[in-house]
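Two complexes, one shared chain (chain A), two partners (chain B, chain C).
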Partner chain A sequence: MTPTLRRRVFLVAAVAAGALLLWGLTGLPDYGVYAGPYGDVLNQVAVAERKAANVVAAVTFDYRGIDTMGEEFILFAAVIGVAILLRAQRGETEQPPDEDAADRHAPATSNAVRVVGLALVGPVVLFGIYVVTHGHLSPGGGFQGGVVLATAALLVYLSGEYVTLRRVSPEVVGDLAESTGAAGYVGVGLLGVAAGATFLANVLPLGEPGALLSAGTIPVLNLAVGLEVAGGFVLLLSEFLEQTLVIRRPGEVT
Partner chain B sequence: MSHLPYVVAAWLLLVGLYGVVTSRNLVHAIICLSVAQSSTYILLLSVGFERGGTAPIFLDVPVGTKAVDPVVGALALTDIVVGATVSALLLALAVQAYKHHGSLDPERLGREQD
Partner chain C sequence: MIALEVTVFLLVAAAGTAVVLTRDPLNQAIVASFYGLVLGIMFFVYQAPDVALSQITVGAVALPLMILLALAKVRALRGGNGEDDDR
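Moving on to the complex of A and B:
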């Protein structure tokens, strides 16, 4: 199919799909008018029932906890998929990255990038931990905080060398963090079964809303997810970096 | 004007798909797919929005304050995570496609590397 023909076919389909979409969307309640009732009900009862000030966290990790487990395993499977796709192919060889090789030298990072990057690593790690641990109290949680934590690893790469990144976060650390996080989520779910309730039931003491130790299993699940997301994203990062820095194709000039 | 956010969502979906269909570069196509997917965030959050509502976090405001729907917020979170993982997988595929075909142009993927 030529590009022109493909574009024409798409335009016809897009006009039809767009008309259908607009027809359907204009049937929705006006923007700003909430038809409910689930959100309103949850906003009324969630704080009293689960002692979680952040109702979104209560929905994500409690009322719809099993759904989030599926989401966590989507992430897990995707990271494994990337690792498998990006392993050394037939004919490819792994070479030490430029900084380690005796005959080659990586271009030096500018001092400004190095200083700012290194200065940011500590605060970023701290902020990531804060976001993970306060998910039940304020916007944030395991997914968001985990990504923030993973950017700390990226800063290490930017401000130093690839080998430094491998030294502070060898692949086994990412693997361990990711699988511990994924297993931890299931473990907290089984805690409910062990206590005689259902899988992922919120069986831990709930405490008072607004306290750091409150909302039962929600902060624990946030920790598990934070660990998994941080580990998973560090793995993704190192897999992609490896492609340019370590893996060499046959006949490629290094 | 009361349906404008929905129109924006429909527009983003169609314009993202147009980019995927006409793309000459796999990385560009993946970014276009992300654009198309971002329409779902807008749609979800607009459906749950309530005029004058605050964020559904009752730390500084008492329970009973008018707040937006927390369910769509949780769904948008799922949506973003799935979007990020799909992008990562597709980018990994693009890396390997480039190695095998020496090109990121979808038109040339059927051919062997010269």
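Moving on to the complex of A and C:
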């Protein structure tokens, strides 16, 4: 395909896509107008029915809990895919991390980065736990809190070295956290079946809205997702770091 | 309130354009990180704090990090250990 022809095909496609987009935009509801009944109904009933102060959490972990299970397993499958793709291939060897290699011109980590990074690890872990455990009360939840927890591992790497990261979070911890979290979500779902209701039915005591122990299964599911996401992201991080720092092809500059 | 919403909307448009116009992948990762942050602020301004938190953690931290690490690996493969392109 010549460049001229390619440009013509692109122009036709761009004009058609633009027209379609404009046509769609004209059919949108007015700014700030919500047409559907679903959100209004949920705002009316969610707090009374599920005792979850955060209606968003009531939707994602209760009314549409099965969708969230699907999302959780998307991440699970993605992390497994990365782990498989980034393993040491045939002909590649694992070598000690090359951070101190003589021909590496990276500047040494400054004391400022080390001190600030290490000082932040504790507060970041605490904040991550807070976001995970308060998902049914305020914005946040297992996914957001899990990623925040994983950034603590990143801070350890930034302020220390690769070997420090491996010592703080060995691969088996990430593996265990990820799989326990994924299995835990399904386990809580089966709890509903065991209690004679449906899969993912909210069968635990609901408590009072606003209390830390309230909303039944929602905080438990948040814990499972938090564990899964934190483990998954730590695994992603260490797989990428391992590819960059440890795995070498024959003849490659280290 | 409308002024704030319009401002943040324009900021997202500008940041998105900047991501496209940045051609060097290394710089692009940083610009994309900024774009992720601005997008998170927009979600917050439009009263979706749950989504804003996800967007900031993934768009401003996780995604640029993966790009940076992948770039580091690619550069190591090429054997290029130039003065300014470590990490």
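Some observations on this one:
Throughout what follows, the second predicted complex is superposed on the first by the 234 of 254 C-alpha atoms of A that agree within 3 Å, B and C clash if a C-alpha of one lies under 4 Å from a C-alpha of the other, contacts with A are read in each partner's own complex, and residues count from 1 in each chain.
The working rule: a contact is a pair of C-beta atoms (placed from the backbone, for glycine too) under 8 Å apart; a residue touches a chain by one contact, two chains touch by 3 or more.
From a predicted model like this one, the values you see are computed outputs, not experimental measurements.
Once the two complexes are overlaid on the shared chain, A:Phe143 sits against chain B and chain C alike. Judged by the touch definition given at the top, the superposed model places A:Leu154 against chain C, while chain B stays out of reach. Looking at the superposed arrangement, the partner reaching more residues of chain A, out of chain B and chain C, is B. Contacts of A:Leu165 after superposition: neither chain B nor chain C is touched. Within the superposed three-chain model, A:Leu223 lies out of touch with both chain B and chain C [touch as defined at top]. Contacts of A:Ala182 after superposition: neither chain B nor chain C is touched. With both structures placed on the common chain, the touch criterion links A:Val131 to chain C but leaves chain B unconnected.
In the superposed model, A:Leu241 makes contact with chain C only, not with chain B.
Contacts of A:Leu191 after superposition: neither chain B nor chain C is touched. Counting contacts as defined above, chain A residues 54, 56, 139, 141, 143, 236, 240, 243, 249 meet chain B in one complex and chain C in the other.
On the chain A side of its complex with chain B, the touching residues are 3, 6-7, 10, 14, 17-18, 21-22, 25-26, 28, 30-34, 36, 38-40, 42-44, 46-48, 53-56, 58-60, 64, 67-68, 71, 74-75, 78-79, 81-82, 85-86, 89, 137-139, 141, 143, 209-210, 236, 239-240, 243, 249. The residues of chain A lying in touch with chain C in their complex are 54, 56-57, 103-106, 131, 139-141, 143-144, 147-148, 150-151, 154, 233, 236-237, 240-241, 243-244, 249, 252-253.
Of all the residues in chain C, the ones that touch chain A in their complex are 49-50, 52-54, 57-58, 61-62, 65-66, 69-70, 72-73, 76-77, 79, 81, 83, 86-87.
The touching residues of chain B, when paired with chain A in their complex, are 2-7, 9-10, 13-14, 17-18, 21-22, 46-51, 53, 55-59, 63-64, 67-74, 77-78, 80-82, 85-86, 88-89, 91-93, 95-96, 99, 107.
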